[in-house]
Amino acid sequence: MARVVVDVMLKPEILDPQGKAVAQALPRLGYDGIAAVRQGKRFELDVVGEITEERLAQIRGAAETLLSNPVIEDFTVRVEDAI
Amino acid sequence: MARVVVDVMLKPEILDPQGKAVAQALPRLGYDGIAAVRQGKRFELDVVGEITEERLAQIRGAAETLLSNPVIEDFTVRVEDAI
Amino acid sequence: MRVGVVTFPGSLDDADARRAVRLAGAEPVALWHADADLHGVDAVVLPGGFSYGDYLRCGAIARFAPVMEPLVEAAHGGLPVLGICNGFQVLCESHLLPGALIRNDHRKFNCVDQALVVESTATVWTSGYATGQRIVVPLKNGEGGYVADEKTLDGLEAEGRVVVRYAGGNPNGSYRDIAGISNERGNVVGLMPHPEHAVEDLTGPSTDGLTFFTSALKAVVGV
Amino acid sequence: MSETVKHAETTPEVQQPWRELGLKEDEYARIREILGRRPTSAELAMYSVMWSEHCSYKSSKLHLAQFGQKAPKTDALLVGIGENAGVVDIGQGWAVTFKVESHNHPSYVEPYQGAATGVGGIVRDIMSMGARPVAVMDPLRFGPADAEDTRRVLPGVVAGIGGYGNCLGLPNIGGEVVFDPSYAGNPLVNALCVGVVRHEDIKLAFASGRGNLIVLFGAATGGDGIGGVSVLASETFDDAHPTKRPAVQVGDPFMEKVLIECCLEVFAADLVVGIQDLGGAGLSCATSELASAGDGGMTVWLDRVPLRDSSLAPEEILMSESQERMCAVVEPAKLDAFLDICAKWDVLATVIGEVDDSGRLTVQWHGDTIVDVPPRSVAHDGPVYERPFARPSWQDALQADDPSSLPRPTSGDELRATLLQMVAAPNLASKSWVTDQYDRYVLGNTVLAQPEDAGVIRVDDETHLGVALATDGNGRFAKLDPYAGAQLALSEAYRNVAVSGARPLAVTDCLNFGSPEDPDVMWQFAEATRGLADACLELGVPVTGGNVSFYNQTGDAAINPTPVVGVLGVVADVRRRVPIGFGAADEVVLLLGEARDELGGSEWAHHVHGHLGGLPPRVDLAAEKALGALMAAAADDGLVTAAHDVSDGGLAQTLVEMVLRRGVGASVTVDDVAGDAFVALFAESVARAVVAVPADRVADLEASASSYGVPVTRLGNTGGETLVVQGVLTVAVDELRAAHEGTFPALFG
């Protein structure tokens, strides 16, 4: 079994209320020097069998149609490691 | 400026209804061979200045108190790259 | 006139939408998400709720329900479709409407009696209102912030496709105070506020919402 | 492999960790006596959770018995105490079931999930009666509003209640938010659910009919909530026990929503004999209760239970408190139809057992018998304690320290300042910051919701039949006098329901107290239950069910004793409900009831002086009853356009809330209310309400009031954009609003 990670982040031009809230809370808690925060989603997929190029292409398809909304989000797919 | 990424995932023993919903939706869309999905959060922090050990320790502190809920979540912190 | 109301697992306001349809004088027809057939209805309401728990993204999983296939096709063919709240999110995810809905800027679920201005009466669902009419209907959601890129927003404005706008303050950070939009043809309308909860004096803040349903009835039956 | 009954029989000498599981020596001895041998590890696990305070009510049982013994005669009670929830007849073939429960400790550990799963649990209780849940409420208590920890706990609790309840599609129609230092570290998160059912569809939890099948449906079972039992499981096995067990339970409201729909379809198709939710003690509780309420026995094949975590030991599966699960008893001939409905809703359903006539509950694990017990001994014959109790040594001093020595405002300016200070006090301020996070519209039957006195739900579209619900509980009053305090909680909830135009019918209660092992606390508990039972008898409203939460304390410091009382009323025609807000100008404002110089435990003493002492307001149930009868008649005759009870914060607060609701001002005089303006405005005497009446109906109302023996005082008229207390103070509605609505946003963002 292998693990594939899909990271989904809001496009830079889309307002990110959650990231903004974190960025505002950090200095209040004494954490300074952080210019900006964006909050996105991380999916960990446990994939049965070997990761072939074909499998990966499939997963990219899923990331594009289901895991992210291309209207507002970008995604990256990477193979983490065998588990 | 450098980017630090904090990944926050539910602890493995904690129920993840979101991951479950995704895992159930995938086969319906024709994506098979995915045994399990966990959904977590990804924070991208843009850090001003250089990343020192001290800065990182600080960010770990923020990850533990603000970005994650240690009762149900684990987190990892890593420096992505200069941006 | 027969108006289909789709129930997805996790739909919540489906019974309310059927009641609103009935009070408007039409016949509500319950449609099931797993049924790839619209049963010959004359219009469809996608109701509010948390389809599939709103896990992942609101409307993201519901978009792939079997019923959506004939629905999308029929909508392109001119079938009147109204998406309320979660239904609006499903319409955006299905690309029947542009843009997307994100987490409210204050990051809380918010249930309030919301003032709206009806900006466009050139849709099947709003023809019974007067342009500029102020109405009050409940708004209740956690992810109601309407977003789209500038070009899309400019296009919507230019084509008169902003159907309702928030009045008296922006409740959730929606770009340009947008509460609801339509497609080019005006048969597909999506909005975050809940007109189906403003159809009876007893249970709603007003009866302002009823006109959405009577408008469609008039458009279809011509009465 | 788990330990078998055979093994236990042949190894009587094995040392078992009963103490670690919370059993007392004599309790363990009793288990051995019941079984005639030592228990297996699975049996020990089952007895230990089922005989815990939480499941067996061992400290409270003796006292709770009064609710049955003193129950008023009523035909309305279709199902009484002892079932998952009581069921009350509201006429026209309709019945309602309602219950309040606590989820205090989990909500302190993990506010969001603790509160969320609290809602989930009480909703399943209601479903297990065969009812459709139609609304929820959430009585809450926190430490000081400005305490750091309250800022952690409150937003999480509120988001959790909203997150779960909103996703279920249940309107939240009321509750409470109360702050007091005694709840620091011990927040109270109580959750109430009400459901509707036709008489003929009421379901009970029992497994009868040999050959009938036990079906577990809903979520898969994980290792939730089994901390203690894991100790046992690991002790019993040679191989090191692998995976960690979750410290908190996470709810899946979507799962629960489909479970609701699935249950309703199953009920409608008449496919179940009995049904039981899985809550505390999980399958142990569900199977032993189903079996002991049935007429035979039951065999459970535990290895068939679908697992989320394959490393779970059988003891843990028996104990797991994983959420969103139900158990049904189904006739074999109806099984396929049952499973079809589950499949339609994507709900996992598994036959895990069968009803037999053995009279025993046996549990099999891969062919071995690991449990073989008389089901009643687990479910019902737990230990009963007669805990010692005694009036606390400090009680007299507390009562003697009455508020008469506190400096009172006298001049108009002082009274005005006090009024503005009070309406902004966290306990009296607007709760919209909280309630706006709850959906109150879903289902389209909410006739009244927060900030009204009671939540009112339409039950029947055609006949306009409905129900009203309110919850109340004043821990300060109960601390001063627990007997009176419990009665005052009932009195207030009863009044809230009555002023909304409903006829009070029945009661549920959640008794939140400190440690029952402390004789002071036990005395508070004994007094409160006695007080509540006596008052229920006098008001003619039976207790139909509820919940006890003990051990709410930090070190030696217990919370204020907090009996939370929910009253359910019936509204024959919801179109006649009475809202709290003044709706039009030039109506006459009247006070019903009598004010006395009663400020012991008042919000004024608390907020302005940080004082708690003296006696609470005098209980007057007869006056409460008369007021209720008058209000019912007035609502029927359409005499009043608005009504709001007087409680925390006194008449001043009542008037402010009536003005703010719709922004219609009022001008009143309080000269005839009490000796002085301060007492008139801030005393918290019971059995009072303010009403607005169209000028031409005042004589009718006065006549009606005199026939019920309710004193009436004319206060003034509605209208304008100010609240005027003639000769005392004038405040603009806007200024009142700013003070009243600013507090929560300033505290919680």
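First chain written, first letter: the chains are A, B, C and D, and each begins at residue 1.
As a convention for this text, a residue touches a chain if its C-beta (ideal position, glycine included) is under 8 Å from a C-beta of that chain, and two chains touch if they have at least 3 such contacts.
Here the structure is a predicted model, which is why all the values come from computation and not from measurement.
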A-C or B-C - the one linked by more C-beta pairs in contact: A-C
Rounded Å distance, chain B centre to chain C centre (Cα mean): 34
Inter-chain centre distance, chain A versus chain C - centres from mean C-alpha coordinates, in Å: 29
Distance between the centres, which are taken as Cα means, of chain D and chain A, whole angstrom: 41
Centre distance in Å when chain A and chain B are each reduced to the mean of their C-alpha atoms: 9
In chain A, residues with contacts to at least two other chains: 66-67
Touching two or more other chains - residue numbers and ranges from chain D: 252-255, 346
Shared-contact residues (touching 2 or more other chains) in chain C: 52-53, 55-56, 61, 64
Pairs of chains found to touch, sorted by chain label: A-B, A-C, B-C, B-D, C-D
Complex contacts: residues of chain C adjacent to chain A: 56-57, 60-61, 64, 92-93, 98-100, 102-107, 145, 147-149, 173, 175
Chain B contact footprint on chain C (complex, rising order): 52-53, 55-56, 61, 64
In the complex, chain D residues that touch chain B: 109-110, 113, 219, 222-224, 243-255, 308-309, 322-323, 346
Residues of chain C that touch chain D when the two form their complex: 9-10, 12-13, 15-16, 19, 34, 48-50, 52-55, 108-112, 138, 140, 142, 194, 196-197, 200, 202-204
Touch list for chain A against partner chain B, complex: 1, 7-9, 19, 22, 25-26, 29, 31, 33-49, 55, 58-59, 61-62, 65-67
